[in-house]
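Letters A, B, C, D, E, F, G, H, I and J mark the chains in the order given here, with residues in each chain numbered from 1 onward.
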Amino acid sequence: MLVQLTYASRISKALGSEDIKNILKHSQTNNQADGVTGALCLSSGIFLQILEGDRNTVNRIYHKILQDSRHKDPAILDYREITARQFSEWSMGLITRTDDNKQLFLKYSSDANFDPYSMGAKTLRGFFDEVVDNVRWLRKNPD
Amino acid sequence: MLVQLTYASRISKALGSEDIKNILKHSQTNNQADGVTGALCLSSGIFLQILEGDRNTVNRIYHKILQDSRHKDPAILDYREITARQFSEWSMGLITRTDDNKQLFLKYSSDANFDPYSMGAKTLRGFFDEVVDNVRWLRKNPD
Amino acid sequence: MLVQLTYASRISKALGSEDIKNILKHSQTNNQADGVTGALCLSSGIFLQILEGDRNTVNRIYHKILQDSRHKDPAILDYREITARQFSEWSMGLITRTDDNKQLFLKYSSDANFDPYSMGAKTLRGFFDEVVDNVRWLRKNPD
Amino acid sequence: MLVQLTYASRISKALGSEDIKNILKHSQTNNQADGVTGALCLSSGIFLQILEGDRNTVNRIYHKILQDSRHKDPAILDYREITARQFSEWSMGLITRTDDNKQLFLKYSSDANFDPYSMGAKTLRGFFDEVVDNVRWLRKNPD
Amino acid sequence: MLVQLTYASRISKALGSEDIKNILKHSQTNNQADGVTGALCLSSGIFLQILEGDRNTVNRIYHKILQDSRHKDPAILDYREITARQFSEWSMGLITRTDDNKQLFLKYSSDANFDPYSMGAKTLRGFFDEVVDNVRWLRKNPD
Amino acid sequence: MLVQLTYASRISKALGSEDIKNILKHSQTNNQADGVTGALCLSSGIFLQILEGDRNTVNRIYHKILQDSRHKDPAILDYREITARQFSEWSMGLITRTDDNKQLFLKYSSDANFDPYSMGAKTLRGFFDEVVDNVRWLRKNPD
Amino acid sequence: MLVQLTYASRISKALGSEDIKNILKHSQTNNQADGVTGALCLSSGIFLQILEGDRNTVNRIYHKILQDSRHKDPAILDYREITARQFSEWSMGLITRTDDNKQLFLKYSSDANFDPYSMGAKTLRGFFDEVVDNVRWLRKNPD
Amino acid sequence: MLVQLTYASRISKALGSEDIKNILKHSQTNNQADGVTGALCLSSGIFLQILEGDRNTVNRIYHKILQDSRHKDPAILDYREITARQFSEWSMGLITRTDDNKQLFLKYSSDANFDPYSMGAKTLRGFFDEVVDNVRWLRKNPD
Amino acid sequence: MLVQLTYASRISKALGSEDIKNILKHSQTNNQADGVTGALCLSSGIFLQILEGDRNTVNRIYHKILQDSRHKDPAILDYREITARQFSEWSMGLITRTDDNKQLFLKYSSDANFDPYSMGAKTLRGFFDEVVDNVRWLRKNPD
Amino acid sequence: MLVQLTYASRISKALGSEDIKNILKHSQTNNQADGVTGALCLSSGIFLQILEGDRNTVNRIYHKILQDSRHKDPAILDYREITARQFSEWSMGLITRTDDNKQLFLKYSSDANFDPYSMGAKTLRGFFDEVVDNVRWLRKNPD
């Protein structure tokens, strides 16, 4: 059974761009082996991640991520069975807020800051749908 | 929670284009800070404004606007929870009736004059949808 | 409240093209002032007219038209509340059957002749939708 | 083609209950012969009538009613093609506001007074649906 | 493939109740053998018959009926593929207009007289649905 | 009332291309006068014809066609009320199976041979919709 | 135009049951004259009020209520055009949390305490629908 | 994954009621162990069986049944994923045509005889839905 | 935001009925304070729990439960935003498989044993909907 | 009746590309004669085949395929009545996983490997729809 899980968490302490690179690389290696795909968004110290793959695998990875001390306050925001993956080309794509996509973040945010914790499932789906439609906002590697 | 509120009001006394400029500038500064977006339409002495943002913020701003002596007879015409903003690129866009968009105003109006007080929620949504589709009718600054 | 009313009537005696021109011109002047829009179709001695605008205004005009001795056998064929006008660019457009649009008339007609009296509301809406989509069939002035 | 037409009008001068009786009786006799059914509601000096039957017949009767000097300000409020009659048992039923059905009138009215002129098609259908469901509010003869 | 065909025809010359009895009896015997079910309605000299069964069989019977000189002006009014029969208990039920079901006939008729030729498919289905819901109006044998 | 009737029949004896030409020409002349439009498909000795026009006219023509000894085993396969004609440009178009449209015939056929008798209403509508979308498969005159 | 507006506010200082009685009585008198109906819910120091009536009237009353110093932090939670009133029998009904309806409050609340400020429009509609279905929870007068 | 498979087959040689009893008993024992439920219908020498359970198990059993020489001409008629079982109380219920349910069989049959081979998926679902609604027609043991 | 989360887990070692009692009692005390409601089902050594309440609270509790060594192999099976709670009367109800509800378990299970790990979201919702409809299967305290 | 059947099976022993060529060629010859169309997908030792054509023919072929010792563990994964074929141009098309369409396989697969046995009907339909939309992935002959 193919599922999609979306959660948010807060950076537990200041992580440099090097640390993000490491998380991303490690995730990409693991996910490729596990047949997991998805995207990771980092904005204002909040992670927003979408994971898709086999129900058991996604659960196992999510539970592993929960133990990771590099972030805290994890909260599942959306979860659903899907017929097809949205991110089949991304073992873990990176979405970061730039001047180019500032409006995209505001469009789905109730505040001036992008705060996934205040977003409902429909808004989150709208956000990721638009990301996928504009793949240029998705990068395979952080700079 | 992201909401959209539309209200109409009447100019309380003759406002010059300088006054409108002031309202607009002040609104744009405030709204940007508050994460509020929207549009303001002025035609035949009637304001029609759409405000979108966090439910609490939109309420707070609307209640502040209600106190403003520069207009009167305020009336909420539409209100709804939204999944995404329509005006994410406009902290407060200005729509004015020109020869160019005269037909647009007539299309949603029951009279020869554009009278928002006589319009229902569906008609208002149709009007703003078409405005957004023709962004050239939306300006950031009054001339 | 914005409404749309469609009725048919029969020419009461032979009207020349000059008479039609007069009806049209007079209608256009009145309707512009009243915020009424629509189209008038004349084929095989039968008028088919669609009027849109404020509910009270449309009723007032329709009742005035009913008294006009230049036609007879009036019958309302369709009426509905609308969210937006279809003919916002036409105070009263003229549609006449030419070789060019012969097929259009046959498409919505059950007989070889175009007979609005035998048409239901859905068929009439299909007919006017197609007219609006092919505006070249709508003229502002008769030749 | 079976249609339903609803219109409102104002009593042109004070009509006594005897006059209403006459209108009703005459209507019932005519309508039975014409295969027309419906209901007539009188409240605060406003008539609200629903007529159903063959499209041509309903139009002919409505046009006759328009000429009747006992009322004025006629306005079509709703019109639609129907598959079956709602009032098949009433050549012309009478609905009057009593203490018993006061709440029914308020339920569909925006003001404390029942004012059909301010009601849309959906509200009117809701009103008549509820009347038909509570047939005791429909009487064949005025007292 | 299970289908339902509805047609109307006019009595070609005065048929007595004995003749109707014969048509009915003969039909019932034939239909039972053919796995055909349905109902026959006779009112104001017009037959309205609904036939259901295998597509080929219904076609064969309808074509046989077309040749029958006891009626004329046959016209198919409705035809559709069905998932289940409506008249599975009636090889050919008889529906006649009585004082008891007068309102039923008026409900689906645009005129004071029941005229199937002026009825559309939806109205006819409404009529037969209500007949089936009130089986007492369906009789197996004419008196 | 505008309807569409589809039936199949078998060629009763070998008809040459000259005979088909005659049927087609005669049909086109008659149909144009009657306001009837449609298409005739001939494949593997089976006719599949779709007729559209006024309900009474289509019935009258179908009953006339039933008597024609040039075919046999007629069977109505589909019938419905329509809002607009599909074949308004064809008094009677001809569709023949060629190498070019072989796949089209197979697409809607359960067997290697095109057998309308085994096709349901939805499949037939799919077939004719695709024919209309590819008008080049419709010819006005047989070669 | 008939609308329904729902807002929440906080008691500005401790109000005794006598004060609530006064608000309710005054509201009932005013609303009856204005053709306004609705309900007022008080729980844990938070008011939740639903007002229904003519769009202009509801706006006027809401703006008057906003000025009332007996409460603060007003926030519109829901607003919509309606076809019929839900509270036509209540000029202003009172809903208070008792042991009897404790579960009802929890059912629509995300916390153990009933906090309208955290509720969306759909949840609020669910709450009021269930209140209306159990009219015994609605009282005309506070004890 | 829970699925439902429906197939028909013909008795390969005359089976007595004792044989049917054996098939049924054996099926019930096997199915209970396999978590399979369903019903078996026997009429005019044709079996119609519905099997529900895990997708793999239903496939395995169906393939075993295919080998059984007691019947022939097997044909899958319907298959779908289901959310819940319809026959959860029947490891294998028996449905036989009696005078009592004769009409039920005719209702879903195009011929006078019940022939599942000519039935589509929707008709079969209608048939089994009605069987389940009238459990008395389902028996655990043949007499 | 009100959400509902459903997960399954396996008993990590043999738990006696006393242990279950403890888990239940402790959960009920905690959940009542947290405004959390739900149900716990234990069958064949597998827990199936549904938790409903505020999104943050449900996440916090679920993450606490994940750490509990009394079970293992946790897997989220369903998660959704809800408008109203289903279990508002149960701080944590207990559902156990008895002879009485054996069929209920089989109805939603693909195997003879009830295995939530193989069930999709729709099937799980069907199961809990039926449990709620038959509250007698829900107990507040284990025996 | 036109149907579509999808099943999976496992290669029973190592088959070379020559063997696949033989299966394909033989299938194409048979299917063309039988009016059967479809596609065969081979990936990681698992066959996934979709067959479409007349219900009886598809059943007959499927039952023949079941006997073929070149594969094992057959399981029907999807089956439905269709209005038109999807593969009308392919008597049996071949789909193989290449670098070019790797992402396509992952998109519908829950694991890194493409495993049809774990896929539901909706996912399978999504997969084949996308294959048909990108016909270049379908080949008539294996290399």
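Criterion: contacts are C-beta pairs under 8 Å (C-beta built on N, C-alpha and C of every residue); 3 or more make two chains touch, one makes a residue touch a chain.
In UniProt terms, the chains line up like this: A, B, C, D, E, F, G, H, I, J = BLUF domain protein.
No experiment lies behind these values; they were computed from the predicted model shown.
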Required steps from chain B to chain E (each step between touching chains, minimum): 3
C-D, E-H or B-C - pair sharing over half of the A-I contact pairs: C-D
Chain of greatest Cα-centre distance to chain G: F
Intercentroid distance (Cα basis), chain G paired with chain D, Å: 35
Distance between chain centroids, defined by C-alpha means - chain F, chain I (Å): 61
Averaged-CA centre spacing for the pair chain F and chain B, given as whole angstrom: 57
Contacts with 2+ other chains: residues of chain E: 1, 55, 120
Every chain pair in contact, whichever chains are involved: A-B, A-I, A-J, B-C, B-G, C-D, C-F, D-E, D-G, E-F, E-H, F-J, G-I, H-I, H-J
For the chain B and chain C complex, residues of the former touching the latter: 103-104, 106-113, 118, 120, 122-123, 126-127
Partner chain B, residues of chain C touching it in the complex: 1-2, 32-35, 37, 53-55, 57, 83-85, 88-89
Chain F residues touching chain E - in the complex, by the definition given at the top: 1, 5, 55-56, 59, 62-63, 66, 74-81, 117, 120-121
